[in-house]
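In the two complexes below, subunit A is the common chain; its partner is subunit B in one and subunit C in the other.
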Partner chain A sequence: MKLSRTKSALAEWRPTPGNAWDASAAAQLLRRGGFGPRPADLERALDEGVDRTIERLSEAPESLEENLSGIHSLLGVGKISQLQAWWMSLITGGGVPLVERMALMWHNHFATSNDKVDDVRMMHRQNVILRENGLGDFRGLLRKLAKDPAMLIWLDGDANKRGNPNENFAREVMELFALGIGNYDERDVQEAARAFTGWGTNGRAFAFSPDHHDTGEKQIFGKRGEFDGDEALELVLNHPACREHVARKLIESFVDAKPEGAAVRELAGVLVEREWNIGATLDVLLRSELFFQPRVRRGRIAGPVEIVAMTVRCMDKSIAPSRLALAADRMGQSLFRPPSVKGWDMGRGWINAGTWLARHNELAAYVVDSSGKPRATLGSAFSKRAEREPSERVLNTLFPDGTDRAYAGAMRTAADACTSEQQALAQVAALAFSSPEYHLV
Partner chain B sequence: MPSTRRQFLINGIGVTASLAAMPLLPNALARTPRKRERVLVVLQLSGGNDGLNTVIPRTQDAYYRLRPTLAIGSNAVHALDKNYGLHPSMGALAKVFEEQKLAVLHGVGHTVQERSHFRSMEIWHTASTALPLADTGWLGRLSDQISARSPGSMPALHIGAGTLPLALRGHGHLPPTVRDPKGFLLEPNTPAFASSREQLLSASSADGDLDFLRNSAKSTYTAAKRMTELTSAKSSVSYPNTELGRQLKLVARLISGEFGTRVFQVELGGFDHHSRQAPAHQALLGQLSNALAAFQGDLDESGHDDRVMTLVFSEFGRRAAENGSRGTDHGAGAPAFLMGSKVRAGLHGTGPDLTQLVDGDVAVTTDFRSVYTTLEQSWMGMKPSTRAKALPLLG
Partner chain C sequence: MKLRLFPTLVSLAMLPFLASFMESLGSPSYGARTETRQLRPEGQELVDALPEDTILFLEGPALAPLLQAGSNSDLLRALGANSSVRALLDQADPSLEELIEKGSTILDTPLLPRLGSVLAGGLAIGMSPGETKLNWTLVAHSDDADQLEESLGRVLRFVGEQAGFPRAFNQPHDTVAGADVWYIGEEFGVAQSGTFLVASTSQDHLRHALASVAPVADQVAQANGESIEAALRLTIRADEWLKVDEGSEGIKGARQLEELRASAAKPAVQFLLGPSLAMITRSDEFRIELFVDGEDLRLELQGEGIDAGPFAALLPKHAKSFAEPPPALQMFGQGANLLVYRDIDALFEHRADLFPANDLPEFAKSISNLSPFLGGMDLTEEVFPGLSPWMRLVVDPVEFDPSAHPAQPLPAACLLVQVEDPERLGNSLVAAFQSAVSLINLERAQQMKPPLLLGIELVDGIEMSKAHYLLSDPKGGVDMEYNLAPACALVDSTFVLGTHKHLVERVVRDLASQTSRSVEVMPTAENLRLSGALVVDALVENLHALVMSKVLDEGVSKSEAKGELEVVIGLIELMKTLELQVECTDPQSVRVELRLDVRDDSKDGEMVAR
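On to the complex of A and B.
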């Protein structure tokens, strides 16, 4: 019997007349590889093509060094709100788009909360690890985080001692960080916890206490040895489930919340072939047929940080990052404070009556006041191509993929009822921000 | 029509809601007969309330020895019985006690030697001392059961400005947080804006996540409208002009207005008094007492008192001995309160014996989980979270 050769999902995408490099495709790349287009970005992307647009996702803004170091003088104050505002400023444009995208993904993956760590310097240091290693070798990232003081406090490293092991880190490294449920058993967790005994903190630094380390023989994934923490970590990284766990995470975050097994396996193969380099693996994913399928575009419910960032970027507005961080908090995502080690509940988990109310109010407030009058911050947003109808100008910016006719018609009616052009632009933008369609990205 | 979809009526408008969106729809708005269902209000005192200066063991010499500057004189307290009295600033709550609507539970807590606020709160919230930490809290699990029995309800609400407490996290849903004591406030909400917003929501057909988001939006707007109606109605009951007073007033309005929510969590923070405790603690206990008494009075007046039970707890009490800064450090067992006209009023359990401290702490004599079972099973008629036995605390 002859098997038909299945087409590779990761084959490089070639634009066709039916699926062209158009505003919709460019917006997909800019929304997922970064935090959405600024007004001029789409046209530039269409001029420059897909390769150059991908390259630009990794380009640094001129003031990157200052933007990154701006937080140092404030760390001593010890306020998490300042760290949140700083990260928000990098996400909305002060940082490298793809780097910040990845840092946010890893923050949700290696979710650590300041509510327990209670130390802004340590949270900052972990964030730097995510930023500097997020696109590098996954193995290196995991090794660094395993010895990161914030992580050690978060998952009770200090309490993990010979004779009285604390399994918290050993369990999460298998369940959440590297393997996934079903790929290990309780014995593996208990034995790995013994291997990690003695890993703790001294002040804000990693410290190994030989006195607390269990030097005895352990059995992990069927292998026996007097493993220490480093060796236990290598066993986890060499477990066949690890590559697929990482590959699945990448597809879930960048393409589709419910990836197909074949695509996961294929990307896992790429990951190993590229020596676990996340950036190189992602490069294949972002250029793939899989990524550019029309089916997946505008198919995810945006997270709070994401929707706030996309909104200020599309209007090209500068709004105090502390305000943006607070808005995301009200929508259910307080940076550096995920609700548990599992991170935030994504997708529909973002939405309840309270968080929807916050999305409605916070985003609309960037363009109108509570009585519906245009805000000064609206400024010249949506002012380009003045020959067009106001509602059309706003919708073209917010929905490069287009909207259905009934939606556009209702917006035109709303705009027509306004007394000035500025009022119409603000009204349509506020209505769009508070409409469900806008929250699918 | 596919079996996963159902017709609901929201203010007379037919809405097709997918199952996933239903938990957002307030009960009071679905066209179902209303029952006078029981309600649980949980008030969390965050930071570790000093139980010994709340329910004062006024006849124990050891109390006066251990607390040379912080002890409260026997004659200054509001006597509950011959051995115990409430803090002098809690006169209003003492009156509720006289009216037989308050139960004082001695020595409630868990026996894990854990003096971290974070960890102790996790234990209280999840009703478990086990690690890894459970994903859900006891009130979330209770709300899941309420949702299963009456789909389409908004079973629980978190009232306050902070992030959603773990206690309220369920398997099926995360309850909304109501930040403003006036309820959900939509801004902007001018007639023109509201009418365009409405039109956009039904401009075209939708499925999947778009359908889910639209239903979420619709039920949010309906709930906001209902809350505004309830909170702007005139009332003769006066509450103290404090955040807690305003929050409990909102809860009372939602209950008497048959909004449909059956579990509320409210918080009062600031109890972590490591130094110069006396004035700050006095102020907080006064706020607590006045707001609770006003809340109970409001329910009494509206006739909903027989279906509401309020639990007041803190993550731990404080050390029996005061520290060197006229404050107290993190301790263990502490009193909890149950308030309502259906409670067995009085003092319950074994009071603290300050000559028999456990590692410097008041002993835990009542497992907090047995209080939960009492509320989950005996009060709400649901399956309890744990195997702890219910206590005979209801009248």
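On to the complex of A and C.
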């Protein structure tokens, strides 16, 4: 069901001569809603239009079940690198684009690191929760994660006992997961922590220990009662700030890192109206004028996983998933290992001297070998069209929605200085990877 | 299906195929180089016609019987029916059959028998560095000069037709040492001198070879291989290879060879490969010979001219006074059984002479890490000298409890080592095992993980210390770490340490049952006996995990990965047993013998359980 809205940020976008359904608009949808277009995706999107393109973001590849279950045979080995590679394989094409996009977003939102959990099976189980519930009811997602063993270990649930409550989980639920700073006070955290006492793990399963649970009266957000963990979560979910916190997260991830208050409030209303269903709310957002406004296109710095996935997808390269995961790691995003409970610093936080160099080195490795020679597969990566010169072939692949003339001119000059077509392709691609423009999505 | 198998694995896997191929052709026995019956006048062999600066020789002293029998072999057909062999052959484009058919058409006679005639007296191929490129020279000795001339003429005519110049080779282009010579392109020359066929990518080498064979050009080769066992022989002169300026003369691999030789001086290589195998990398000359004996295929690698330097102290030749080998076990037939020589005492004692300074801190670190477990005993003064360098390692499958069957089941391994002072050192090693379990538990407790439960059990009156992980959540799947249920025991002067208590228990019973243990004859060689079924079972049980690993690590599709692994498994299924012997009685020479007992399912109908 589509909402009919007028004079609002979330009004359904109608292409106009000044803001048409063109390569730029289609690329915006494919990049933000998935992990970028494969070579033929953009032309198909232009043919099929917005509605069908959004539908395709939720379409599963034929081998989805096999792709999802394949990792089960390796979980017992206990290597996080294999789990990272498996998720990378889903992100780059083995999974449903929008589902994986959401799972990645929630992984950063409910950031949990294997560095502390130290259990690949638990990390996998949390990843499954994010994947299966990421587009569903946010309330259900939060309830499931609150009892997820990996989350309980990550936020010291086992240490949260009557008489000696550990506030970690309660604090992060309010600060990061559901409300945001300013919408609660210290007493709310302390009292909620008491409500969560007794929530812990037994092996790899959630376990409630009545002996460790504080049954006394608590006061949370001004309400009094002998709240348990489930009831405390309901109080958090019913807090007016929760819907806006989630809405803000969606806009920050899909549209604009600095959303306007009105847009957030409007989307929060949609969220409640859609029974907290993230997928239905996102459907409104992805069709909105807010999403398609030219100002926000290519206005966000891509994260390492995004940039690696987009590069191999647009070049249609088949690279071992373990290498892709390692590349993202070197660029500063090691899946299942966020640096803190706050997740990764997005936007400008992705870039420093080390990660910028890593971005160049890792992406350039797809076009040149270790001795700097162009790779033999370059010709197929940058599909040949009779009328195109090497620089055009590369730019057409890496920037299917186009670049400005000055940029294209600089690339043409670089290609002209090369002595062979292969060298020109590699040179232009390596230059593009080094340019800030390429890292904006 | 495009297969990308590890080259070494493919080579290994192809050996049974070659063995059966030769056996199927009713090949005669082939003799080593020193025993080769002279087919030419005394003192002259085909390799003598090759250039003096040749660094790699490949000889086929008696290929003729193999080729003449052609494909009329039951075993060859049986091997061809093996899906893995078939898959490998199918990769060739054009196929082997197509090549043979094409060759037969060109020669207007069946290819393999004709090749048998051309190579009746053997074949020698040499590789030597040239000014700007690598040069190859070939010399073959035929049993029929007329047939050789006819065959060469047909081949040259075919080459001319393919090049668009059908009459280009009607007449020889040159005469050298009385032999007609034809040039293909500017560098490749081919010539016939009586019963000899000579070809080279260097005109100088061609002239040298023709001059060498000219005096005996009228000698007719006789394909009588009854006293010859070596079907193929490869000789590599590593010392000469290393003198070649890599790159400028078209020779590759000198740098890798240098790195390989340098690797012998790494502590990890010495420990894992052992002193003899590590030293073979330093040979000036390698000789590899392939033998066929019934259903056995034997590969011998001989390394000569080794400069072991201070590493000689680690070789069995210098074994210390206490070098008693662990008793042989009666129980094993399914798994692997190794007798290895690792003189840890000498390794630590001479470490400063053997290894570069930056490796030495690791020795100090290992002493520091191990010492706390041994109750104050000095490792280098009291522990290592009391351990015999001869050690036995056995590997066998494990029967896991169904409730704790790991998702990736692995065979168990068990190490047997003799201790000089069982009362003190032997019991200290048992105590060290128990201390190690305690330390592991301390760390696991900090990680909130289930502990290793330590226990002691009497096995035929002998105390066995054992430990196993407590399984906390079998519903979620049993992890790979549950393969580890370590145990140890001291049986007389033999210390037994294994990864799984069931195997240690069997070893202890075996040792305990040896009431009158005979004094073991001092071994002279390290050896390994490995059952193909053990490897196949381990691969089959872990197939899903291996497939997924390949998918994630190599970027291949699941079906490709599965197909490749099934080919490997199929090839290993051909092998009943593998035996490896490494012998180094002289520090300058190491001999490695690999013997494969090839499975012939068509004969006994035995099938490997999949």
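Miscellaneous remarks
Throughout what follows, the second predicted complex is superposed on the first by the 428 of 441 C-alpha atoms of A that agree within 3 Å, B and C clash if a C-alpha of one lies under 4 Å from a C-alpha of the other, contacts with A are read in each partner's own complex, and residues count from 1 in each chain.
Note that a contact is a pair of C-beta atoms (placed from the backbone, for glycine too) under 8 Å apart; a residue touches a chain by one contact, two chains touch by 3 or more.
Just so it is clear, the structure is predicted and the values come from calculations on it, not from any experiment.
In the three-chain model built by superposing on subunit A, subunit B clashes with subunit C. In the superposition on chain A, A:R348 makes contact with subunit B only, while subunit C stays out of contact range.
In the superposition on chain A, A:E244 makes contact with neither subunit B nor subunit C.
Of the two partner chains, subunit C is the only one that A:R121 touches; subunit B does not reach it. Of the two partner chains placed by superposition, only subunit C is touched by A:Q82; subunit B is not.
By the touch criterion defined above, A:R204 lies against subunit C but remains apart from subunit B after alignment on the C-alpha atoms of chain A.
With both structures placed on the common chain, the touch criterion links A:P436 to subunit B but leaves subunit C unconnected. By the document's definition of touching, of the two partners only subunit B reaches A:A365; subunit C does not.
When the two complexes are overlaid on their common chain A, residue A:N168 makes contact with subunit B while staying clear of subunit C. When the two complexes are overlaid, the chain among subunit B and subunit C that reaches more residues of subunit A is B.
Taking the listed stretches 315-323, 369-377 or 495-503 of subunit C in turn, the superposition on chain A shows a clash with subunit B for 369-377 alone.
Contact residues of subunit A toward subunit C in the complex are 63, 66, 70-78, 82, 85-86, 89, 118, 121, 153, 158, 201-205, 318-323.
Put simply, subunit A touches subunit B in their complex at residues 115-116, 156, 166-168, 171-172, 299-301, 329-330, 332, 334, 337, 339-342, 345, 347-349, 351-357, 360-361, 364-365, 368-372, 404, 406-407, 409-411, 413-414, 417, 427, 430-431, 434-437, 439-440.
The touching residues of subunit B, counted against subunit A in their complex, run 20, 23-24, 118, 131-133, 135, 154, 158, 163-164, 166, 169, 173-179, 184-190, 192-193, 196-197, 199-201, 203-204, 206, 209-210, 212-214, 216-217, 219-220, 223-224. Residues of subunit C touching subunit A in their complex: 406-408, 447-450, 472-473, 476-481, 544-545, 547-549, 551-555, 558.
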